Amino acid sequence: MKRTRPHVLRRSSLAALAVGSTLLLSACVSNSGGGQVSTAGSSLAPDQKVSLTFASYAFQAPTVAATDKIVADWNAANPNIQVTVQKVAAESVHDKLVTQFAGNQAPDIIHDESADIASFSRQGYLADMTSMVPADLKSDVPQSVWDSVTYDGKITGMPTIAQVYTIFVNKKLLAAAGVAVPTAEKPWTWDDLAANAKKLTAGTVSGLAWGLKSPTAGIMSSGLAFDGTFVSGDEKAPTMAVGANEQQVPNRIAAMLADGSMAKDSVSLSGSDVLAGYYGGKYAMIMAGNYIATQVEEQAPADFDWGMLPLLKGTSEHQASNPQTLSIAQQSKYPAQAMQFIAFFMKAENLAAIAEGDALIPVTASASAAMGKKLGAEHGWDAILGSADQLVDAPWNKADKFPDWKSKYATPAYQEFLAGRTDAAGLATALTDGWKTLSGG
Amino acid sequence: MRTRPLTRVGQYVALLAYIVFLGFPLLWLFSTAFKSPREVISLEPTLLPRSWSLDSFRVALDNSELFPSLLNSLIVAVSTAILTTVIALPAAYALARHRSKLRTVTVGWILVSQVFPFVLIVIPVFVVLRNLGLLNTLPGLVLVYVVWALPFTLWMLQGYVSAIPRDLEEAAATDGASRAQVLLRVIFPLLAPGLVATAMFAFISAWNEFFFALVVITDPAKETAPLLLARYVGGEGLVNLGPLAATALITTLPSLLIFAVAQRKLVSGMLAGSVKG
Amino acid sequence: MTAAAQAPASIDPGPTPPPAARRRRGTPVGLWLLVPSLLPVIAFSVYPLLNGIWLGFTDARAGAGVVFAFNGVQNYTRLFDDGLFWNSFGIGLVWAFSVTILQFLLSLGLALLLNAGLRFQWLVRPLALVPWAMPSVVVAILWKLIYQPDAGILNAFLKDLGIIDTNINWLGSFTLALPAVIVVGVWAGMPQTTIALLAGLQNTSADLHEAASLDGAGAWQRFRSVTLPALKPVIIAITSLDFVWNFNSFGLVYVLTEGGPGGRTKLPMLFAYESAFSSGEFGYAAAMGNAMVVLILLLLGVYLWRQLKENT
């Protein structure tokens, strides 16, 4: 947008720059790379001070505290590289970044998530970190997770913590119905889920509830357990096909809705709306992102016995990898220093503290081990923490048209399907036609 | 005017219904703020907490950013109210007394500015603020709020000016008073109540604004209250409900208090301004 | 509130200005008074607006160093064929008309009550302004809680009264979601409308009322023949302003439903917002903005023109 700035304003901005001549100077240095990542930062004079901004959307109080502590520790240890935190509301990260990028004012270090940095990466706003990632960090994260933050061959975000969709059970209701809690070695398959949900359904209790008010992410991610990849071909502009694999999860949901083992009214609720019914014994099991554990911990009645199950199995236990990320702005003058801070942030004890606050899974094996030591097997955490390597790249997240398709076609189509207003064939048509319309347009 | 007793009863019942509808969410906010985390989500919700808990307030007050953000909001909203009024007053006078093409242009601007999608304005405004070096400053925020409160404010004020008979000014002018004196001694006192009304509007629009504040402010120490509130809402529909409700209640009180004080002036202000309209 | 009442008059050429004003035309009184307002207005409003309008005729997109160019009416031919947008435009009209009309009728009733000399004004007036006092960030979340199917107070209340026996998911229902968000919209916008109408009511001369009541006119007749005509300029002004504001709002509905279910509450401004901010299609989004400005101003023009014509 800055291109349309009238001359008057351009002159005044030049004047402002001329006043702060040191500013102008440093700007020249960082621009010398001609759009490439500048390495000027690493060859600074030893006593030169650098200040970095770090925009974080840490939400839960313990995560905010952990973030503040990491930054304070870093600042104490690195007097020449001082980091300041900017706090952003989680739901507004994207909007704020769009504006800051357009106005050339982005923070140096950007906290976001992999699905959201797809467009920013392609728009050239994020630095290529591929050659900057330290080797030990590189090997500490599963390759499948790296794949999900690699756009056009470039790593543009450091994966930090991730979520999986998992079944939360009310252990008392399971015990009463004679349903055993599965182990990580022998997880439930989707068939087991359907059979057990049926067993648990009696009287006013529904076996399973799934808050699918925003249905697209959950259903598509779960589909990867049946190898439902939806898209193929060119990374930016792939083609879409909704075949038998992609239809597995919708069909199973439809079957459970039809026989009543999945609560009909739950599918129009949001992920956290189903919690009241879960605590109240209306639902024996709920499907939710594992981060909801923080809510359960805080809100569930004291005598409520709950647990998370190992990931459901289709042909595999795969789910979409959409980790939170730390990126470096292309506009940043000090990418090398920013990377140093990110590497510090990724240290096992730091990342474990961050992950614990949000009840998410650290993607590094080292932090996962540190967190596992602390949490043990309570509430099924051992199986959940061990599932980072089941996270695989979701190819649709990289397609340019995906956000548009999701909001205009996929979400309405899935909602219509869940409400019983279209069948599986109608769903498939709506999804593929929408994709075609956008690709043609 | 005499009103039959039955009608009176009906009127009170209707008024009560209005108050329930308009005020009920405040009661719910109040009740949510005093419920424990376990009670906030319950299959049998009750209007008032079963057991009163101060936990949420403890969390809300524990946040060292609460009072600074309230203070920032207050500074921004009061400055916006004053500046908007000061800028709009002469302009409104000129618009009301000087019907010309300029007036048509202004009407056009007012309408387009109200209809054009506001989200598309955000980026150019951001760029202008950056070029003026006003990003991440409260004055920058005030400037934007002033300009965006102007359209409505101008219309209200120029109406109040129109309602003042020209004869008054002309009489003063023939007495040898200068134009500035006329404005200051004749127009201004008559407009005072109307100014209170418009200032209140500007105050509220700045007090509640979120989106501009979101993109302009990056330093947590300069955040306004809506930004702080938004941080109690996480992604994926997660909300820290109790602390959010407690904080919201604390931030709602100042504006409610101001309303309670100003409502007389607001209405009588409009009355005074429009007597001759 | 005669203030707003002047707005429509100025769209028309209006009546010939009185001699005093005509004499003043061309004197320097007006222009210098406008200068203090003009500078910030140009920088923060006129320039961004012109920029936005211009973008609607370009292929502007988000991206570092992206060059964009004038593309004529290309955005508009694309928009013309965009069925989803027009569908959402229709929803926007239903939303804006319903909210504005209900807001007006309810506010008029409240303003009449507040003007009827009842007791407890000191309590009732601030309470009537509650929706205005609450931070908008909180309003949507609060209503979400009230509408919450299992833990919400609305269902609990209706169940207690025996009106319903199973919980209703207000915001998740294909048929109820739009009405449910309309109720919230009406609630949120009532204070400003009420205040405007209340001021207008106080404006209608008490003498006229007395004259009418002496002639033996009933309350309803008095309202129709005296109050309503006197109130008309205020009604026109506030309803047209409300309409524009309602049409332009989407934040509230977005937090409540995200446009769902099945796109039933997807307002056109939400559409434009998503095009700009999630898809980065600034040019196309701006074109939507331009189209909406033209269509809404046309609608409004017809309304204002008809009303004013009836008036004279």
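A, B and C label the chains in the order they appear, each numbered from 1.
The rule is simple: a residue touches a chain if its C-beta (ideal position, glycine included) is under 8 Å from a C-beta of that chain, and two chains touch if they have at least 3 such contacts.
Keep in mind the model is a prediction, meaning the values are calculated, not measured.
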Chain labels contacting chain A and also chain C: B
By count of C-beta pairs in contact, the leading pair of chains: B-C
Most remote chain, CA-based centroid, reference being chain C: A
Geometric centre distance via CA averages, chain B-chain A, whole Å: 37
Rounded Å distance between chain B and chain C, as computed from the means of their C-alpha atoms: 16
Multi-chain contact residues (two or more partners), chain B: 40-43, 123-124, 128, 132, 211, 230, 233, 239
Chain A: positions in contact with at least two other chains: 1, 4, 95, 98, 102, 213-214, 273, 276-277, 280, 282
Where chain C touches two or more other chains, by residue: 47, 51, 55, 150-151, 276-277, 282
Chain B partner contacts - residues on chain A that touch it in the complex: 1-2, 4-5, 9, 12-13, 16, 53, 55, 57, 59-61, 84-92, 95-96, 98-100, 102-105, 107, 213-214, 270-273, 275-277, 279-280, 282, 289, 291-292, 294-295, 298-302
For the chain B and chain A complex, residues of the former touching the latter: 37-38, 40-43, 59, 122-124, 126-128, 130-133, 135, 211, 214-215, 218-220, 223, 227, 230-231, 233-240
Of all residues in chain B, those that touch chain C in their complex: 1, 3, 7-8, 11-12, 14-15, 18-19, 21-23, 25-26, 28-29, 32, 40-47, 86-88, 90-91, 93-100, 102-104, 107, 109-121, 123-125, 128, 132, 143-144, 146-148, 150, 152, 155-160, 162-163, 166, 170, 179, 194, 201, 204, 207-208, 210-211, 225-226, 229-230, 233, 239, 241, 244-245, 248, 251-252, 255-256, 259-260, 263, 266-267, 270-271, 273-275, 277
Sites on chain C touched by chain B in the complex: 1-7, 10-11, 14, 17-18, 20-21, 24-25, 29-31, 33-34, 36-37, 40-41, 43-49, 51-53, 55, 106, 109-110, 113, 116-118, 122, 124-139, 141-143, 145-146, 150-153, 156, 187, 190, 192, 195-196, 198-200, 202-203, 209, 213, 219, 237, 241, 244-245, 247-248, 251, 269, 272-273, 276-277, 282, 285-286, 288-290, 292-293, 296-297, 300
Chain C contact footprint on chain A (complex, rising order): 1, 3-4, 6, 35, 94-95, 98, 101-102, 119, 122-125, 213-214, 265, 268-269, 273-274, 276-277, 280, 282, 330, 403-404, 407-408, 411-412, 415-416, 419, 421, 441
